[in-house]
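Below: one structure in structure tokens.
Naming follows writing order (A, B, C and D), and every chain is counted from residue 1.
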Amino acid sequence: MRFKSIMRLEARTLAPIVSLFLLIVGTALVVPGFLKLSIVDGHIYGSLIDILHRSTPTALIALGMAVVIGTKGIDLSVGAIIAICGAVTAVLTTSTELHPLIVLGCALLAGMACGLWNGTLVAVFGIQPIVATLILMVAGRGIAQMITGGQIVTFHSDFIDAIGNGFFMGLPARVVLAAVIVAITILVLRKTALGMFLEAVGGNSEASRLVGIDSKLLIIMVYVFSGFCAALAGVIIAADIRGADANNAGLWLELDAILAVVIAGASLSGGRIYLGLTIVGALIIQTLTTAILTSGLPAQYNLIVKASIILLVLLLQSKVTQNFIKARVQSFRRASDA
Amino acid sequence: MLNERYLPVIATLLVFILLYGYGMVEYKGFRDTLVFTNLLTDNAFLIVTAVGMSFVIISGGIDLSVGSMIAFVGVLLAYLITGLGIHPVYAAIIALCTATFFGMIMGVIIAYFEIQPFIVTLAGLFLFRGLAYMINLNSVPIDHELLVTLSEIYVPLPGRGGLTFIAMAMLALLAIGVVVAKRTRFGLNVYAVGGDVQSAALMGVPVKSTLVRIYALSGLYSGAAGVIFAIYTGSAYPLAAVGVELDAIAAVVIGGTLLTGGVGFVFGAFLGALIQGIIQTLIIFDGSLNSWWTKVAIGALLLMFILMQKAIVHFTRRYSGKNPEPPEQPALEKVEST
Amino acid sequence: MTDVNQPPLLSIEHINKRFPGVRALNDVSLTFHAGEVHALLGENGAGKSTLIKVLTGIYTKDSGDMMLDGRNVHIRNSLDAQSNGIRTVYQEINLIPTMTVAENLTLLDQPRRFGMIRWRSAQSRAKEMLARVGLDIDPNSLLVSHSIAVQQMVAIARALGSKARLLILDEPTASLDSDEIARLFGLMRQLKEQGMAIIFVTHFLDQVYAISDTISVLRNGSHVGTFKTSNLSQTELVGHMLGKDLDMLQHDQRDVTEAEEKPVVLSLSQVGKTGMLKPVDLNLKQGEIVGLAGLLGSGRTELCELAYGSVRPDQGNKAWLGKLLPINTPKQAIEQGMAYCPEDRKHRGIIAELSVRENLILALQSSRGWWSRIPMAEQQAIVSEFIERLSIKTSDMEKPIGELSGGNQQKVILARWLVTNPTLLILDEPTRGIDVGAHHDILTIIRELCEEGMSLLVASSEVEEIVAFAHRVVVLRDRGKVSEIAGNQISQKSIIQAIAQ
Amino acid sequence: MKLSKTFTSMLPALVASTAVLLSSPTFAETYGFSQIGSESGWRTSETNSIKAEAEARGIDLKFSDAQQRQENQIKAVRSFIAQGVDGILLAPVVETGWDQVLREAQRAEIPVVLIDRGVDADPSLYLTKVASDFTEEGALAASWLAAETNGVCDIVELQGTVGSSAAIDRKTGFDSVISNFPNMNIIRSQSGDFTRAGGKEVMESFLKAEGGGSNICALFAHNDDMALGAIQAIKEAQLQPAEDILVLSIDAVPDIFRAMADGEANATIELNPHLGGPAFDAIAAHERGEEVDKWIKANGPLYLPDTAEAEYQARR
């Protein structure tokens, strides 16, 4: 019996991991040297590290998005928050003498303020998450441009630069930073009762109310967290190019993040938060992009490949298909039993 | 007696009149009918898209693929006309059928595989843009005398203004949309599905086929918007209409349609698109404001309309005994066999 | 009124319907005549709603025949049912709240010309339909702008349509006040005169006697019997519904002794809420089990909700251990030491995606706050203790609770509250839809808890059960308290008589 | 009473101010400028240059940012026509699709000057085009590279946004020249979307795909921003940009001069952002009734590291 339940768990968690594995193996067959890792100047170097490096912004916002979606919500505004926080970082660095740590703090606070706004609209005003966050999605980039004055603000700050491009123990610093955030999030959600409460609210808000859980505060916190993740991603993206590009930074990244969560197997109707698998989902999306880039496939095929793979994953994950497969498996078993 | 459900539309109309009045007082050129007919012509493709989107949103869904669809249809048209030498009328018919077909496929996935419209149409967003890239990467002129003739058709009005073919086509499509929504069984079924999908099913509304038809209709309308865009610019460009889906959703919401479904007017989408257009026009007339004000202003407007709708819904719910979320009929409990 | 010689409008013969693990309808045969109001009665799980769904084509029967006017008919979906003149009005008004009255009335059947709906003629048709049910409202008004009663009448008007022959009213009066019910009955009589066959499902016995000509009783999926209303006493009827033969109930055993004078834990004085429950007085003593008896819809659940505070009462006061306290939210209730297992386990009890462990630990964790998480080892200890103590059958405490059987889900929800060690435990239908073994287990637990000094408020539709454990029984009827029976006075017979009065 | 009194007393002032408002456009020439957006550093310097030029000449410039969308630009041009401006500057985001709106401007007798790129329309529809030739830029870049490497070089290319005319023409120009050199090959070509982030990411993948970058002789980026992103990628791959891999790009934004001065880039071709002067001159000439050339070429020179420091100081 116990074995069976482990099997069930594995089948679900295995799907994204196997997909990632297959994707990497497939790419390695097409692109020689894809798996090669070498140590140059004490830094680990190779395509796989690149994927980690590149996927940090997506992974970070997908982390926040996973928690939001777990509570039956969605956050469309993360792309705009990235632009705002990148702008805050750049403008504060260039126009003030503030310590970079304070600049970083201001950017993170700006992101959390955006999250607070979203959370308030959702939890207090009872506006559907998709609408509530659409407002900031539309207006946010405008606000970011207002901050930068519509220009790409280039800035130099060794500290911020270290976040975006530095190395820590041979690994890209931002990967380490993101890993730490992911680890802390997993710890907080699993080692406090927060994760359980969030999943309870997402799974059955009425039952949660009856056991005395204050869902409003939780939901606000969730959006603030998503804002925080987006802010950090915004700083990393700005640090990456040493400039804040209000128009393009994080553009359509919210869609990638939602996709990562869906690939992880979470339903948009809430109830389960798979943090680890969401990161795998983000890695899948990035591997796909990197694979297309390194394989030399013309740029115009990127979207088609991406869309086809998404559709495939969605169709395979849908209840209808799963039920169909289950029925098939059962009838096969019955046939083989007989 | 004024029906309370017209309130949002009337509010939208008032905002439009106020903005227009402001323009008339502030800028000389604004008093010409030209400004108004320009609004009709310039926003024609957006209005047509928003009309299709209205049906989707009234049914409680969302369609993110419309912007890509516009680009895809444009590129397809160019290929059919200049590449294959097909007469524009036939080319347009083929393109519209293709768009409808793709919309229908998304509808089938949504209705029968029970995957959220958000994710399905997101895949559509990537897919159609990718297909457009496959056909053609450049912006290409569509050389055909018919297109030139069409774009030259012009019913002059006093005050430099004039109704272009595009504006008239848009008005015709708008009128058809209004009639379909209010005067056909399909239209009423859309409202019923959006109002309460379970009740609708119990009342005998064919929910699944209605959903398929809704997304096919949205495909058709965004396809028509693509044709209009092609006539408007006399060319095709795979990067055209990026982000139009958000403009269309905003237009629908500003026009008083609830994203929760069931409530709204196709005509409201027309007003919503005109309001966005007039904000843009005012900003251009001013000439010193930066474009990000458009985004911020539209975001603020969205917020205002959503809060207003929330208040109206709250007000009407007080008189309704129906729970906001009616519980499902309790299913038969399984009795343990052991 | 009913012409027995006339062939029945609809007859069903040997209908069977099974669901995995349950026989929902077991060889049911019934006949329905034109010009007759036929009450269909039975407690929850008796098979009424399954039968109605078979009649209206939402479920397909496994076997058996349906004859309309003596012809065999196959009803595969709701459109089939409608075209055969079978129309249904549900308790939960199944209309579109966001549409107008006229739109609701004519949906899918609008008068058209060249494919275009003619609203003028649709409106006049809507007016006619409304006139048939005696409503004079603006067909252009939004459905939600009307009271529930009017919405219900609109639903009936829609169901009647033009070709209705058999009208099924599934608990239509649940949310109506007495004037509105009188109005509805007037309409039903009028329809009866016109030769309509009406199936009337309700829990209100008064209403059954006020309007019906014939009564059929279902129990556990089987047809118990069909009676002429005039020949059946209320007490007999309740006996049939509950499966008790009153003559056999003279000497039922009671092994419960009266609780001694103990301090009052929770005291309700004139607590009620308009449209939900008439004001009620109730005192719950320490170590006492108070049973709430009454048929479905009598206000049992409502009293539990108001006592717990999951619904805020709009009148009356609550006192906890002698002190007046505002207990108006679950949080406040839990802080005082209350616990509540709701009746609707699926929608208000379990969180299906979460594991048995998480569901079980949730209330305790919630009372401790999110920061101080109960260590995993302690959780597992608590969970395995309760899995053993309540003999919860699960392969694994990490299994999603949605995959457990109803009885085991119920035990987990019960355990969820027991771990918080409450002073007062409110149980609404703790034994609903669970098998015999689990049923027995839960009754044993209830007794043990009481002996440990816990107070319990238990609502149940099973009179036998209440008699078996209650120190005091509060009988509810028509959303109000009708009597209180204590000590040796408690017997199945006395309760049934109080319900049936 | 009081309110109406106040109102009556304000009335003359209101009328007067309205009159001023109505007549104000006659004081100065009003031009409209429809800009593509602010997607790159070069674009921003172009905007600022044209705004500054207009201010210096006392021109009332109506500025409109189209956020990379053609429909917004068409709207802007139409609004300018409705406003009755004296001239329109248009930096078209794509080449096609302008016939209709240009015809309308012509009907309204408003001269249109195309800025920094051309359109695929009858030349009679616009006054002139003040722009460099993207194809020539590409060709110039290729020629420099051919000379620098003696016609032997494996090149990686960072394209602009897929479908944009700058990307297409620069590629065409570049390809046309290197096709004459059998030993010059483009071994990798991908779009970096004209952004720094895109440039960096794509360059990283190039480096990985080409054995750590040892096979790559030169990088040709369709704009400086992508080159700047790519330079970071090269540095992070432990290679020396401008030495191990030649870095060649187009636009001449200040930051690329900084990079050249630091020895991290080899050459940039100026895409002249100071197009306001020639454009306004052309309109003025047209108003005087003079003939204006259909293409006022504003090709910039190729800059090399030797002058980079001075250029950087001059431009920042």
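Quick note on the criterion: a residue touches a chain if its C-beta (ideal position, glycine included) is under 8 Å from a C-beta of that chain, and two chains touch if they have at least 3 such contacts.
Please read all numbers here as calculations on a predicted model, not as lab measurements.
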Using the stated contact rule, I'd like to know whether B-C or A-C comes out ahead in C-beta pair count. B-C
Just give me the whole-number Å value for how far the CA centre of subunit C lies from that of subunit D. 72
Distance between the centres, which are taken as Cα means, of subunit C and subunit A, whole angstrom: 45
When centres are defined as mean Cα positions, the distance from subunit A to subunit B in whole Å is 30
For subunit B, what residues touch not just one other chain but two or more? 133, 137, 290-292
Multi-partner residues in subunit A (2 or more other chains touched) are 145, 150, 300
If I count partner chains per residue in subunit C, which residues reach a count of at least 2? 347
For this entry, which pairs of chains touch? A-B, A-C, A-D, B-C, B-D
Per the touch rule above, subunit A residues touching subunit B in the complex are 74, 125-128, 130-132, 134-146, 149-150, 255, 258-259, 262, 268-269, 300-308, 310-311, 314-315, 318-321
Contacting residues of subunit A [partner subunit D, same complex]: 31, 33-34, 38, 40-41, 43, 45-47, 50, 53-54, 145, 150-152, 154, 165, 237, 240-243, 245-249, 289-290, 293-296, 299-300
Inside the complex, what are the residues of subunit C that reach subunit A? 310, 329-331, 333-335, 340, 342, 347-354, 358, 361-363, 365-374, 395-396, 398-399, 416
What residues on subunit D touch subunit B, complex-wise? 18, 21-22, 25, 32, 37, 60-72, 74-76, 78-84, 94-100, 120, 161-165, 168
Residue ranges of subunit D in contact with subunit A within the complex: 37-41, 44, 65, 67-68, 159, 162, 188, 190-191, 193, 195-197, 200-202, 204-206, 208-209, 211-212, 225, 228-229, 232, 236-238, 255
